[in-house]
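Here's the structure, in structure tokens; my notes come after.
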Amino acid sequence: MLDLLLRFQAMDRRWVFLGMAISIVVPMLLPFNLPFKVDGRVQDLYDRVEALEAGDAVYISADFDPGSRPELEPFFRTHLHHLFRKDVRVVMGTLWPTAPPLVKPILEEIAGEYDKEYGRDWTFLGYIDGRELAIKSLGQSVRKTYPLDDRGNKTADLPVMLGLDAIRDFDILTSVSAGFPGTQAYVLQIQGQYNLEMASACTAVSAPDYIPYYQSGQLFGLSGGMPGSAQYEKLVYADTPEENRPRLAATSGMNVLSVGHMYIIVLLFLGNLAFFLTRGGKED
Amino acid sequence: MRAFALRALGLLVLLLALLVCGVVAAQPASDDDSAASDDDSASDDDSAASDDDSAGDDDSAPSKDIASTESAEVDAVTGEAEAAEEGGAVRSEQWFGSADTEEGVPWGYFTLLLLILTTGGLMLYFTKQAQAGKEMFIRRMPGIDAIEDGIGRATEMGKPVLYVPGIDDLQDIQTIASMLILGQVSKTIAEYQCELIVSCCVPIVREVADEVVRAGFYQAGYPDAFRPEEIRFIAADQFAFCAGTNGIMLREKPATNIYLGRFFAESLILAETGYLNRSIQIAGTAEATQLPFFVAACDYTLIGEELFAVSAYLSRDPRLVSSLKASDYLKVAIVTALLVGTILASFGNTLMVDLFSLTLPGN
Amino acid sequence: MKRTLPILITFVIGVIMVGEFFIPHWRYRALTGELLEWGIILTAGAFILGLVNLIQVHLPTVVERGTDWGYKAVLLVSLAVTLAMGFSNGKQRLDSGMEVSFSYKWIFDYVYVPLSATMFALLAFYIASAGFRAFRARNAEATLLLVAAALVMFASVPIGEGVPVIGEYLVALKDWTLDVPNNAARRAIFIGAALGAISTGLRVILGLERSHLGGD
Amino acid sequence: MDLLTITGIWISIFLTLAILSFLYDDNPIYKFAEHLFMGVGIGIGTIEIYYGVFQPKLLRPLLEEHRLLSLFPLLLLVLLFAKVTRKHQDWARIPIAFIVAAFAGVKLTGEANGRLVEQVRASMPDLQTLYETNGWWDWDNGGAGVISGLVLVLGLCACLLHFYFSTPHNKPMRAISRIGILTLMLSFGASFGFTVMGRISLAIGRAEALLGLDQPNSLIKLGSMEVHRMTATRWTTVGTMLLVILSIAWLKRRAANSAEAD
């Protein structure tokens, strides 16, 4: 037994890689569906968005790039569906240079599905550099930070911006954040200063880091990684019949994630088992 | 005299720049008679923040000037008010605190200002003390013993020590701390007559590491033992650097690996290779996402601030020592506030909570 | 002049920016707003400066056929092509339908997306391998860490949640770990980091830290 | 389906596999993909910076609105670019001082507010109310209750004191420090678990792309044939995989041969 384990450990690590690949691909080819619960952080996020009224305004900071797409794009898409379904005005900008070609087409596509008009119901303001400085500037005035939208129109002239200038004029600020600059920078720079109602969807890596902000009320909701996205999908599409739903990427990913996690846990366990069994004999 | 003239010239240029900027940028409102009287409180704040600085008095001048001149000029340009009025932007007339609390300033703003000023004051005080050569106590951390043991083991085995100073730029505070520790490590290594390999990801860090190690060997009295070719620049790219450093571990089999500095995703790959190599591994970083992997795969890990504390302990660099001391004092104050606050809150008294609140109670 | 003026600028701009937080008056905001604007333009300038540096470093290697010149040529050529397509597509570069011709969006969709997305997917494999071969419960601390990690991994996915009887308690324990000890530890790290940031920031503003201005 | 899109899909599969080939070993195809990644990434960054910052914030105000104030950032920018010359690079210190100071000022208040004052405020629980709502320990609410409230405050204090370096470690300090360390370890464990989750999610995304699961499985025209998109993608993946493996083998052999020849 121990021998086998040790031989296992001594083998080329590429076999472990192969095992990982198999535990991802197999559940993908043979899909199964296990139910999961929604945690309080995502529920709070959903409830607050649900409480919005038609005509309210939401600022989305879409700070992610293709590198974290599987974690955040499902949330992002579902959030847009949710907002447009509630007839909310959507204004979006980004602090990541590689984000616009990814996020703008998605916004355009989903706005199109709801027959929303550019400039009146939604707008994309484009990319702004300057990290914390840009965030501070958004706190003072969105119109000044983005004098022109992505299509070259004057931001101040857009009907969607009526009555909106500083970021606290928006009812909600959502930060879809894959790292820096993102949620943390927003929380530090302007959330406290203007007492903003802010929610965040972040990658799993940053989720434990942002939980204190949720606990302290700096964020009213938090969706972490693929499970967060899947839970949000579950809430938003609860009443939508199966055939009308778009593909729920995070929900279908959850089962694959299950198998992947189990694989890692088993590896951790076996590795440590070998460690403890050999430690007694090898002490010198 | 020359310095004074330059300073004056600089001030003049700045004053001019800020003046123009303030005048043109300000969107004039029709009624701002109250502005003039409020100006004082604004510049009060500026000079309060600069109280700690010796140059404070001549520098608070521009902001004072700008405030008063600005308001005078602004009255003259009244007329082209645009955009914002139908926008929600309510122009605040408040000179301190948050924009929408006309009823009063939340306590948090004062606490915040006080915290900043106290940190600055303590830091300057300790810097002075450190520069005057006063001994300041910093406790010796077990991490230092771990590093020395590691070097000892490498010496016994006749194998080299591998030192990786993270993959960030030289400006990063963690890289600076790592370089300071490297100075001490190289001295010990020279004394033990052991071998040292430094593997760098940034060219400029390699240059500095070269200097630091050279100085360490020199101080230990073995300048001839220093071999610059062992201070290596591997690759500027993260994964290429990682592959290159792994190569060093596999080929040259260092007995001890020391990873101190700022690490990202490569942390676990390095630590795994080192573990399989049966090296003693000592790690340290303030990068919270990478700490778990180091703790799980290394023999000793310096967590977060411990990295800075070790570098302050070893180098006695006044910058690090003073920062460390200042934050130590404030930590005690915060712990006290937390305990007192919890007790008070449990008895229904929200005094402490209000003191740290940036909104007025009830908002 | 070479040192005094930058130090002076650092001081004045730093103090004004600290004031931004405390002074909400619209006049003051007009001033800081303008300075922020300049800061944004300068950060963008710094990115372009990085680009120029990159070309300065790599172009000579390519011209002189130095080590790895082929890869560096790939870098420069792909950079040039992306820039050319970006500027020629102009404002329409992000519009839907652009990807059906060779364009900026085509490059993004079919070259950048797969590369960027795969880069960090590599780490899933490395974590598996390190988990098996290097992550050891060598002492009480590491044991606690690994147990907490296994708990979080297990209870965050449907398989763990669905375990009869104990599944529910495992989820509660996972939430507790995240909400209580994690919260306490993160806050301690935050507070330490904030204190460090305050003293570093003040040192920069007061001109005690001058490393960014280069050597003497 | 037009040729360009088909080429695009093939290229994206090829590049995905090229990066994944690093798992086998460092190899020329990976290096090629990596440099391509850097080049395209910087290119995209530059384009978006031009259209997001320079065009609306500098060129338009100067050229169209004749806003004189915008001459200042222009001047600072010119000074910044003095850095690339050997002779005048000292001038770049002025704009650098500006940026560094602006960031220092903004970060200072941000950190002090968001990570210090707000966090301290939120860490003083009202234990009495906690007891009334959740009791000592509430399984239905993720273990909320008085115990958790105490663990939060005392754990936080212990962690803070663990990072207190100005006193020797006597017995009580060692005990406090130990509690701090254990709290930190629980937190790092959570981090570990979530990082694994994130990395696997990314791998899932790539696997979906390689298996053609990320797009609707519609019928597509390939020349005269009509096939399901998913089938086409999967065959392409398999074919490309073979191609990558063969070319790596060939390149390695060539490198080994030339090394022998030296």
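Think of it as A, B, C and D in the order they're written, each chain with its own count starting at 1.
Quick note on the criterion: a contact is a pair of C-beta atoms (placed from the backbone, for glycine too) under 8 Å apart; a residue touches a chain by one contact, two chains touch by 3 or more.
Fair warning: this is a prediction, and the values are worked out from it, not measured in the lab.
Visitor: For the chain pairs B-D and C-D, which is connected through the larger number of C-beta pairs in contact?
Guide: C-D
Visitor: Farthest chain from subunit B, going by mean C-alpha coordinates, please.
Guide: Relative to subunit B, the chain with the farthest C-alpha centre is A.
Visitor: In whole angstrom, what separates the CA-based centres of subunit C and subunit D?
Guide: Centres of subunit C and subunit D (C-alpha means) sit 6 Å apart.
Visitor: Could you please state the distance in Å, as a whole number, between where the Cα atoms of subunit B are centred and where those of subunit D are centred?
Guide: So the centre of subunit B lies 21 Å away from the centre of subunit D.
Visitor: Nearest whole angstrom, what separates the Cα centre of subunit A from the Cα centre of subunit C?
Guide: Each chain reduced to its C-alpha mean, subunit A and subunit C end up 16 Å apart.
Visitor: Please list all residues of subunit D that touch 2 or more other chains.
Guide: 22-23, 31, 34, 38, 41, 44-45, 49, 51-53, 57, 69, 72, 102-103, 106-113, 115-121, 123, 142, 153, 156, 160, 163, 184-185, 187-192, 194-197, 200, 202-203, 205
Visitor: What residues in subunit B touch two or more of the other chains?
Guide: Residues 21, 24-25, 98-99, 112, 115-116, 239, 288-289, 292-293, 295-296, 304-305, 331, 334, 358 of subunit B touch two or more partner chains.
Visitor: Touching at least two other chains at once: which residues of subunit C meet that condition?
Guide: Counting only residues that touch two or more other chains, subunit C contributes 5, 9, 11-12, 15-16, 18, 20-22, 29, 33-37, 39-40, 43-44, 47, 91, 93, 104, 108-109, 112-114, 116-117, 119-120, 122-125, 127, 129, 131, 133-136, 138, 141-142, 145-146, 149-150, 153, 156, 175, 178-179, 182-183, 186-187, 189-193, 195, 198, 200, 202, 212.
Visitor: Within the complex, which stretch of subunit B touches subunit A?
Guide: Residue list for subunit B touching subunit A: 83-84, 86-89, 98-100, 288-289, 358-359, 363.
Visitor: Using the touch definition from the top, list the residues of subunit B that touch subunit D in their complex.
Guide: These residues of subunit B touch subunit D: 17, 20-21, 24-25, 108, 111-112, 115-116, 137-139, 141, 237, 239-240, 243, 288-289, 291-293, 295-296, 303-306, 309, 312-313, 324-325, 328-329, 331-332, 334-335, 337-339, 341-342, 344-348, 352-353, 356-358.
Visitor: Provide the residue numbers of subunit C that touch subunit A in the complex, in ascending order.
Guide: 20-21, 29, 32-33, 36-37, 39-40, 43-44, 47, 91, 93-94, 96, 104-105, 108-109, 112-114, 116-117, 119-120, 124-125, 127-129, 131-138, 146, 149-150, 153-154, 156-162, 171, 175, 178-179, 182-183, 186-187, 190
Visitor: Sort out for me which residues of subunit B touch subunit C in the complex.
Guide: Checking each residue of subunit B against subunit C gives 3, 6-7, 9-11, 13-14, 18, 21-22, 24-27, 29, 32, 35, 38, 42, 45-46, 49-50, 52-53, 55, 59, 62-63, 66-67, 70-71, 74, 91-99, 109, 112-113, 115-116, 119-120, 123-124, 127, 171, 173, 239, 265, 268-269, 271-272, 275-276, 286, 288, 292-293, 295-297, 299, 304-305, 308, 319, 322-323, 326-327, 330-331, 334.
Visitor: Along subunit A, where are the residues that touch subunit D in the complex?
Guide: Within the complex, subunit A contacts subunit D at residues 14, 17, 20-21, 24-25, 28-29, 40, 67-71, 97-98, 100-101, 126-133, 136, 146-148, 150, 185, 187-189, 191-193, 203-205, 207-209, 212-213, 215-218, 224-227, 247, 249, 252-253, 256-257, 260-261, 264.
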